[in-house]
Amino acid sequence: MLLRRIYQFLMIYLLGVLCLLVIKVAADLSDYVIPGIDALWLSVRDVGWRYVVDVLDTLRVAVIGQVLSIGMALFIGILGRQATWFGSFIKVAAYNVQAYPIVAIAPIIFILLGDGFVSRLLIAAMICYFPLLLSVVGIMSQPIPDVEHFYRQTGRMRWQLEVKIRSFENLSKLTTVIVGSATLAMAGTIVAEFIAASAGIGYSIRIALYQSDLAKILVALFMIGITLSIYQGILEWVGSAVKKVWAR
Amino acid sequence: LSADQAVSYRLKWLINMSTVGDVYAEAQGLFASEGLTVALKPGGPERDAIRELELGHADFGVASADQVIHALAKGSPVVVLAQLFQANPLQWIYFKDRVQIDTPADFKGKTVGVTFGKNDEIIMRTLLARAGVPESGVRLYSVRLDYTPFFSGRADLWPVYINSQGVEIGQRLEAAGERIAFFNPEAHGVRFVANSVVTSERLKSERPELVERFLRALLAGWQSAVDPANTETALAAVRQYDRDTTLEVLRAQLEATRPLIQSPGGPAVGYIDIAAWEQTEAMMRQYGQIDRAVDVGRRLRKP
Amino acid sequence: MLLECHNIQFRYPGSETLLFHDLHLKFDTPGFHALFGPSGVGKSSLAKIISGHLVPEGGVVRFNGKGRPLYGYNLERLPGWSSVGRHLDRVTPGHHRALKEKLVSAFDLEAIMDQHFSQLSLGQQNRINLLRYLVQDFDALIMDESLANVDEKTRGHILLTIKTIFPDVLFLYISHNVVEVATFCRDIQVLRGTHKSPRVVKVQGRDCRSGADVDRQLLQNTMLEIMNAA
Amino acid sequence: MLLRRIYQFLMIYLLGVLCLLVIKVAADLSDYVIPGIDALWLSVRDVGWRYVVDVLDTLRVAVIGQVLSIGMALFIGILGRQATWFGSFIKVAAYNVQAYPIVAIAPIIFILLGDGFVSRLLIAAMICYFPLLLSVVGIMSQPIPDVEHFYRQTGRMRWQLEVKIRSFENLSKLTTVIVGSATLAMAGTIVAEFIAASAGIGYSIRIALYQSDLAKILVALFMIGITLSIYQGILEWVGSAVKKVWAR
Amino acid sequence: MLLECHNIQFRYPGSETLLFHDLHLKFDTPGFHALFGPSGVGKSSLAKIISGHLVPEGGVVRFNGKGRPLYGYNLERLPGWSSVGRHLDRVTPGHHRALKEKLVSAFDLEAIMDQHFSQLSLGQQNRINLLRYLVQDFDALIMDESLANVDEKTRGHILLTIKTIFPDVLFLYISHNVVEVATFCRDIQVLRGTHKSPRVVKVQGRDCRSGADVDRQLLQNTMLEIMNAA
């Protein structure tokens, strides 16, 4: 599974680069517009190792951000699952925050929280939590009458139990979404770094962009992709392990 | 004369006071009188005029010197037709009540905002090196879109474009009772070329008359735009696009733009300052922005 | 009077015809009673009205006991995250521990206590589901086809056990098995098609308390009576 | 429902602004850090109407972008729902594209597609489609044996039917996610406008940021929020109408 | 030989004991046969092995007909997006239109053709679900408690109809109703607990073709035989 993910990523990446190279050759473009193989190779030698370190740094924040956003999504999803006034209020709030482009509220966040690690983490989590939230709200607001009936009748239904029942019945959907959201945690962290940080791969990408250095960007994309494939592979494995333990 | 020739012109940034000459030429029909129909395309953060020249999406464009030198280092066939800014508008703003900066040596112990990877980083590093301030002597603070770190005092100096943001933010701060000042690197001998008009080598060699006509109209536009006699026309031209800036601010911005384009008794509008270009290349080389000499002088249009 | 449906009017939303029109029905004593009738006649709907899961347009349900009658049906499922034994423990109040043990053995479920619900056969699922209702504190329980997928022998045994253990509780047993209903139930309310009048006919069941006391002839008569009513 | 959404949004917005004002007063911050009421009011008068027009412009693109991304998500979700090699390949590709910060691939998109409407739409759709994709993949890959059994046995199962069955059984989850994704379509469009510096509210925000004018940004956030509330309210209403028609 | 299970070995994953150990079973002729036995004995599991939904560890299933036997069970649901009538039309091959009409009326389902599946009573759901299998082209069908929630009268009528219309098809009827199985089925394979030997006992059913031809005494004997076997 993990290996498959990795070589599939390599295939996709190579395909993308190949496509760019074909355009380069066909339209006879300079290295500035689309870098050639040699320029790419030079960049790999130049910054490859540094980017690995940067990506790992980003991954570290992303992992924390993901945990945080799973927490946020569960929290809001559980609060917002009911069709009550309060439920809808929470949802309206959560949805609105998401609609604002992060760059627009970043200044406000920085004013409120300073511009340390916390702000960055929050930005990453805010980008990542939303898809999780949508799924969680969807799953949590759909009753499973055949299972819940007994507990309701006997007055045993607590919100914890309700959440547990609905999570369990939708376990595979939840794992899909959580594994997928790793992607967004990564993207979110990169965006946060892009806006505000002075470390991580997002920061390196920003510098490469300012220098119009597409070769470096391609190297960065490669590092991001391969790291993410591995991370998701691991998450998936953990997910299926959890499923096994819980369901048996 | 045959029917109007259509060309497209990619600016470096959104249309504001830094593009006053471009919109002036367009609005006053200077292009038309050279038989040209010019599609004026605003630039933006993800836009790159030089790439578009190569891809054939644009015929002319505006790029900063560092972009040109980066592109040359990667083999892009770009040539410089004119240098719009004789002085680089990039300066550092600071609160007079908090810090006192007279010479680069005063940066010692300060926190200075720079955009890592952009030309302000190079300029600041050159300034510091020349003043003998060691890397450890200042804290460089990574600049982002918002000014919070500067406003809240986490950074002492912040880079701004003196003729646009500088005017706007300066006014706002002064209205709030703050006393501000700007630090100008050029006053301390660091000359880093800013916006210039570029085109592709092919267009220049294949259609020299087209290039001449375009350049004539454009420079005439800039010439008139900075002429105090045409102030109202120039303001109207910019205001047509830049609706977010009040007329009062625009007026001040135009005032601030004039000396950057043409100083009294200085060279003509569009003059290419070869020495400044060579200094720019040298600085970029020194700070590893390019890995080989590009001999930028050869890519500049001969007067 | 223990349970009474008075003047019930009910129709499903979107449906044009009334399913129940002025329906009267009552059970005076606790014990093992039945709700009987052909498929689609409205037994489950009536059960849901009695237990408060459906709200009638008109009429009232009166119940002389605490809370509402419980309503259990054969499609219910136990959650999947632990074994049925553990789930059962969870929902058994402390003072019913012994009862639970007794029922598990009477229902022949000892062997599957460690399995998860989805790993059970249909009949096993039926039994565990019914069992968890029986260990609650309740005054009335509606068993809607709760033993539909259990074999007859086990079922008979289960019914007798329930009757012995809970003599003072009101059961409403919904089943399609005439013999069984006739044998074990006391009052049998036979629901008839919408067009028939009266809508409900009451038949006296044999209310057997053990396998021994069945009088073949009387049983036969009761069965006939039920069949004729339906 | 719609009205509730709107006044709930107003409450949240006011709460947010109030919170900023409290900080302003408490820390004695000047107008250029956090604008006061009067500065806000001036901005409303100044740009209020123009921002309304901008937001509507953005909404127009967002609606198209959302339709596009629902299409993309369904397409990829359906292709990627199976646990086959191809399914996983599609998923790896889709996930990777998402992981890349949009600013990093924007230059590549502009190179490949020029800087017309299409590029912007694609950027908006790419930001919006992913959460949809996650849910769609989750929903589409979980079989509903009790319903599907018959069709499999009688050789009648086509992918269309499978998709239809699983969508129908998860209809409320799907509507939740689609309604929620309106938020992302809006955010995506704004980001696209932001980085492509075109028209719309994203462009206005960029300029306000450039001018460091928090008051204008707050006005823009207000316009975005209120528009979105209305749009989502409408979507929800459409969703429940669809459910009624399909389920009856 | 029409259908034969030869030497079947089967255990559920994670389970320690074999559910089937060297199980032998065969049906020689088409007709209405039964699989009988107490709850949890393995009827559904065996049915799934026969129809290919579970794969045994050892042994083979041989079937002399096209494809695999179909397997229908009582918990199946029709999709909810249109009425059961329209779903039925969709899955009925053109040449079975008339058959469908006939069955709908025999199953007493005309009235609910416009309703959606979730709006049906349990017994109605059972019937519509079974019906859609019957309008397929099939050589064998396993009915796993397919009529468990239908009343006896309707059920008897349905069984007789099926037997009349499909004399050449192999049916395996799984039900907990001894009377019914004894009355209507030809070969009754009685599955017994894991520890018993032999695991399967075959009993000859009465195989009635209409309500009239039931000999009370013979039926009684058959029932006894079945009960003793189980």
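When the chains are written out, they are named A, B, C, D and E in that same order, and each has its own residue count from 1.
Here, contacts are C-beta pairs under 8 Å (C-beta built on N, C-alpha and C of every residue); 3 or more make two chains touch, one makes a residue touch a chain.
Remember, predicted model here, so these are calculated numbers, not experimental data.
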In contact with chain A as well as chain C, sorted by label, we have none
Separation of chain B from chain C in touching-chain steps, minimised, is 2
Contact-pair count is greater, between D-E and B-D, for B-D
Dist(centroid_CA(chain C), centroid_CA(chain E)) in Å evaluates to 26
Distance in whole angstrom between the CA centres of chain A and chain D is 16
Expressed in whole Å, how far the mean CA point of chain C lies from that of chain D is 50
Touching at least 2 other chains, the residues of chain B are 48, 51, 55, 145-146, 148, 152
By the touch definition above, chain E meets two or more other chains at residues 75
Multi-partner residues in chain A (2 or more other chains touched) are 33, 103, 107, 111, 206, 209, 248
Listing every touching pair of chains gives A-B, A-C, A-D, B-D, C-E, D-E
Per the touch rule, the chain B residues reaching chain A in their complex are 48, 50-51, 54-55, 67, 70-71, 74-77, 115-118, 142, 144-146, 148-149, 152, 154, 289
Listed in rising order, the residues of chain D that touch chain B in the complex are 30-33, 47, 50, 103, 106-107, 110-111, 114-115, 195-198, 204, 206-212, 216
Within their complex, chain E touches chain D through residues 51, 68, 70-73, 75-81, 91, 116, 129, 132-133, 136
Residue set of chain B touching chain D in the complex reads 14, 42-48, 51, 55, 57, 145-148, 151-152, 165, 168-169, 172-173, 175-178, 243-245
Listed in rising order, the residues of chain E that touch chain C in the complex are 12, 37-45, 74-75, 112, 119-124, 126-127, 145, 148-155, 176-179, 227, 230
